[in-house]
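Next come two complexes, and both contain chain A; in the first it sits with chain B, in the second with chain C.
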Partner chain A sequence: MAEHSNGRSPAGMWVFPQADQITAQVMERTTRRCKPHTIALVVAALLAALGVVGFLFRVAADGLDNYNAWGYYMAAFSFVFMVTSGAPLATAAFRFTKSHWRRPLSRVAELFAVVGVLNLLLFIPMVIVLPAIENPTFVPGMEGEMAARRAIWLGSSGVPFGAPALWDILGLVALAVTSMAILWLSLMPDLAQSRDRVSGFRRTIYGLLAGSWHGTKRQWIQHKAGMMLLGGFYFMMVVFVHFLIVSDFAMSLIPGWKDSILPPLYTLIAFQNALGLLLVILFILRKWGGYQEYIGISLFWSASKILLGLTLLWTYHLFAFFITFWYGRLEVEESILRYLMFESYAPVFWANVIFSFFVPFFILLWNPVRKTAWGPALAGLSALVGGFLFSIRIFVGSFNAVDFKEFPGELYSLGLTRARIQDAVIPDLWDIFMVVGIIGAAALVYLAAAKLFPVMSIWEVKEGAMYQRMGKLFRGEYMILAKPE
Partner chain B sequence: MARRPILGLFRDANAAADAGDALKGAGISENDYDFLTDSPYPEGAFGEREEKHRIYVFPFIGALLGLTSGILLTSMTQFAYPLVTGGKPILSLPPMAVVTYEGTMLGAILFTVLGIMFESRLPKPKLGLYDTRITEGFIGVLVNAEEDQHNQVQELMTQAGAVEVKREN
Partner chain C sequence: MQEGRILTATEVNRDLLRSILDTPRWFWPVVMALGLVVLAAAIVIGVMINRGLGITNLNRPVVWGFFITNFVFWIGISHAGVMLSAILRLAKAEWRRPATRAAEVLTIFSLMTAMTMPIIHTGRPWRIMYWAFPYDFARGIWPNIRTPLIWDPSAILTYLTSSSLFVLIALIPDFAVLRDRTTGISHQVYSMLSLGWQGNPRQWKLQIISGVLLSALILPVFVSVHSIVSWDFGMAMAVKSWHSTIFAPYFVVGAVHSGVSAVAFVLILLRKAYGWQAYIRHEHIDALGRLLVVVATGWFYFFSMEVIFGIYGREADEIAVRTLQFIQWPVSAWTMVFVITTYFIPVSIWLSRYCRRNLWIMSFACISVNIGMWLERFLIIVPGLANRQVFTFSWNMYSPSIPEIIIISATFALVAMFMLLFSRAIPLVPLYDIKEGDILKTEIQIGRRAVPAVYRED
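Coming up: the complex of A and B.
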């Protein structure tokens, strides 16, 4: 193994793993017993168990017919969904752009596909609690109420078959299938290389998933084309599903909320959070996971610029969201600003802005900080906190904008009025259990996947090792990169 | 005489490319030998034939099927329950767009996965000739040849620098 830097860059800027040792080293690290990993697994399992307890008590106390009680569940689901659905996209996007620094990041991101399956399970209760689009108590001529609440599904002939539940679920299924297919394709060469180095159930699983992979030219070409296609489809799908989730579970639940900026705002914070979490995981793997020779500072340096860009884009969209309503000055627009930003959820909103914009921006502003592993990881951690607060603000807010138990007709009213603005909902014990449980369950699934499969994309790191080396140019020593395409 | 595989192992990619040239020179068809590697080498790195694939056809067919299903499902539902609202037409495009987009994407994704499996001939019940040293960076040159050609092939690969030539038991 070799680590390199030149006079202008910190130690460990570029790393050059030795190709003939990568498979053995990565598999040794994957299969060895690791106490901190085991402890993390146990903690995550305990949190997930708390979540189950919280869920059962919430069902017993409030049932599934009043969506008001499920705001924190939805917020936690949304947070996990944002992070885990955005992560596989990082792999696809950086493969598209042929960014060589991405190689150690790829598998760390792809493994989130496994959490995508958990997302599907977590989503089912939300589909059940979502109130009907049609107003069940509507009588023609009724004053102040509409026949249906405004949703993206509403056409002149009612809603399409199965909408919104069926199509929301199918969207998540498509995401899960695509990300799992990307993970399987990416794992195939690594599992074929590793199946003779492992034993027991790992060997059986590796053998099954690797199929008859031999690494022929034909297989590599199919592999590349398949990953590119699926990556493209994943991108087309993930943005669309974000749009569905935020439209159906936030916008359509606040009477009169019509906003074209919220879906991109949601997608941007999802991408920012996903990249942030990847940087945190890569920092942990580099510092304590034994992958220092695989994860160079150059990865953090390159990814931090994208994180900075996403941070700025999110802030721009937030401002656009605000200014449109602020200038519009309709009563419903003023009410929404008061409710979600400046009155009911003001503390959460300002904390959201601080953690999603100010902290990452002022960390990532400085190039010397971007050229460290801790700087981008810290900014990523802050973005995660901000994303969590964003989810609480938007989804707890939307789920409690009207008192559905007392006044169900309000959900079908023309718009949120000043008089009807509710107070912020403080989480009770079961809410807290469900929130930590959902996050714990996602962590549990990811940690288990990271124990079963290599967290480094062996074939991709080897390919990188083939193309990169240090070399002399004039009087300096620089990283030289071959770009065959 | 049956065609059987024979595998040459090379430590160096240049030597493997030389073996490919020698096999071509000896009249062995380019379709009868392949290079096995542990990571994707650039196309043409071994002077090998250009590989063609039809994987892009699969998502196209899937997308067409998905789009058709989406349009049929939404339009038939709207015609089955013809509620005229505000004098607007029965067929309402915006809500149809969401369903047809999702149908199109689902079709494309599922057919891509099927296409990858079909085009890569996966899964295969029998693994075939292989050597685990390929996972450590060795290059394998796998030749499918008549059994009476095996000695000649072995000699060509050894001359090119093969560290070992393996035959099927």
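Coming up: the complex of A and C.
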């Protein structure tokens, strides 16, 4: 029989706490007053308020008809969207692969579904500022301009109804609804067993959300099947919506940019960022949140290998993009490389590569560092900075590739030429307010959700504790892991 | 309950060495039949060298046809070895154990076969030397090292070398078992190959560390090989539909898709041929089927991106190629066959647990994928070249000649023959891996059920 001690087994392997202690411990930590958490909530609320101020001043100064002014807003939205849309996927993917170490990570990731609703609100100004696909200044026979800019939406009979705004919003709605459904389904068993341990509004909410969950065999089978189906659907949706966002709000706004690898590149950095943020949150929960006996080093060790894989994959895709354009030597491709990588946004690009590749790679390369909590968290933090810089480079760059106010027809031209490469845009005060405001608002929503619901998936951790034992094999003592399916 | 019973070391040695120590009655007739096909191809190649490439249907503008398609196909199959062996080893997937050796060996033989294709394609194979070495100092004509056509041989040879090393390192403990069970020349050869293996803790430690290190080191090589093959096309500006940034990952995922399907089929054949039902079990084929659902869907995503962004540019000549691929008869029919056989048929099959565990249905699905993937390469290469371009003085669609068909068929016979002959010398299911897996297997009691379990070191 296993030693379910709080911490490490004699053989140096991680075991979860005893199953019968888990509900009480997690609920006690969820409901107790926590001063750092309150301070974080207040700071996030203040940042969100700054964002509102920045947004109002930006509208007053530039209006919603010139998209050039909204590059930093889009970059901040993209960053929050990348992270929060990718996070629930971590749960689905690791559940699909039956990774035992995922259990303490699941709920931390699923709670990002709540931020998905915020994403929807943040996205609305962007669909308003996005310029029309059809060229308003086009006259048949015009030299150098097209009837419509390149976009994924142009069919044989013109732009489909509502494209791109309606379809992009519908995509985000589908993502938000699916991730909320995953969260609700996952929460159900936890809320059912915790509703008697809490009081006040929590009790009402828990009772309402838990429904008629009694934990019968049939309910558990349906629960697991539902989670798998929703996870699979979410995975496909998230990849599709990333494709929509990066095509409509980046590629299509740089004349002549035709780049089939951009959607997977965007999706990969989103997954890398999401896992990076999860590792940072798990590090905080382990270090200061009182969950040290739940969040073991084995989680950081295993997740860091995935993070290393994602880092390498992202770099590989970036290299594939670069080398094809580099050797292509078309004027438009050369101009795009100069604009986004080597001239206008060169400092941002190199910083992006350093934080998204070099720093995480050299941290995660070392097994002893992967076997710590701080190493993977530090790599995750670096990946987040890199992801933010990537969003700035791609979206601020795309939103300012042509001077739309002065020369609106350029957006509909055949391709970016060397003579028309714009300088990089430096953020003004309202841009900075909006960026910190969007990040602050996302943090506020997440922190509130983390106070309301348990951040540990109680049923999954219990299941994990049930599936493991310690046992002797020859002269050593090892963990025995049940593989029931 | 465990799906297979835990076997003793004696049983494992007896069963898995059967392919080496006993010769089944079907063995030599099958090898001879395959050898005849290879011989026929060798004669055709001889004629081709004598009379020139004119006996093939390669001509302007389609100068890359069946040979180059087949080259890309076999390079793709070679990706199964690393995918299954290195990645699953690093991921500590228990079900990988019976599949790794066959996958690694298939990698080596498919790579060797792939390498013959561009050589045959030159028509004058000795001129391949000019490709790698400068030959005209006086006029300063040097090979252009900035072309993927030069990177290709380096990448493939590096992959072949590292894959061979990977197989040899994994074989050492099994060679030692064979050394102790053979006599005469065989004994001497296996003694030499087993490098003094005694199975002491230090040797095991070194063997495991080198296996893990090689797994990690071979991964970048594995990715680079098919990426570079894809850039043979991706960096060619003159041919519309080839210049696409997604080609590298698209080719790699496609290679894994066809390669893993091929390995699943080879495993089913080995199970049947050598009676290895206790080793290559339904659960292993089932796991491969589940893995293939993910790989196939990833491949379909990259395929969709490639097509969508091909049309996205709305350039007339690119649209013309896509029209040829998707609308014009008969290429459009092949495209439909390719998409259906590569994705829709196999994935529909793999979604069902019953089908994943039915070996006939699984074989059909795996063959279907490889037919589709072969067609995919053909449909990337030929329509781009056959497209009617402005100011082109001649054009025609390509159809293969009989000599080309014979040579291509022989490559399949060659790989099958090499695999069979190799199975006479080494066990295609790794003995030590199976024994280790059986040691680590156990059961634990959860409530009223005895649940299968494994010992974990992490």
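Everything that follows uses one rule, which is that the second predicted complex is superposed on the first by the 472 of 485 C-alpha atoms of A that agree within 3 Å, B and C clash if a C-alpha of one lies under 4 Å from a C-alpha of the other, contacts with A are read in each partner's own complex, and residues count from 1 in each chain.
Note that in this section a contact is a pair of C-beta atoms (placed from the backbone, for glycine too) under 8 Å apart; a residue touches a chain by one contact, two chains touch by 3 or more.
Remember, it's a predicted structure, so these values are computed and weren't measured experimentally.
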Which of chain B and chain C A:R329 touches, first, second, both or neither: second
Which of chain B and chain C A:L230 touches, first, second, both or neither: first
First (chain B), second (chain C), both or neither touched by A:L154: both
First, second, both or neither for A:M466, with chain B first and chain C second: both
Which superposed partner A:A174 touches (first chain B, second chain C, both, neither): first
Partner touching more residues of chain A, whether chain B or chain C: B
Which superposed partner A:D20 touches (first chain B, second chain C, both, neither): first
First, second, both or neither for A:G215, with chain B first and chain C second: first
Which superposed partner A:P484 touches (first chain B, second chain C, both, neither): both
Chain B and chain C footprints on chain A, overlapping residues: 152, 154, 466, 484
Touch list for chain B against partner chain A, complex: 34-43, 46, 48, 51, 53, 55-56, 59, 73-74, 77-78, 81-86, 88-92, 94-96, 98-99, 101-102, 105-106, 108-110, 112-113, 115-116, 119-128, 130, 132, 134-137, 140, 142
Touching residues (chain side chain A, partner chain B) in the complex: 19-21, 23-24, 152-161, 163, 167, 170-171, 173-174, 177-178, 181, 185, 189, 193-194, 196, 211-226, 229-230, 233, 236-237, 240, 244, 458-460, 462-463, 466, 484-485
Chain C contact footprint on chain A (complex, rising order): 13, 146, 150-152, 154, 239, 243, 258-264, 298, 301-302, 305, 316-317, 320-321, 323-325, 327-330, 466-467, 469, 471, 473, 478-484
Partner chain A, residues of chain C touching it in the complex: 90, 94, 146, 223, 227, 231, 234-235, 237, 243-249, 301-302, 305-306, 308-310, 312-314, 439-440, 442, 444, 446, 449, 451-458
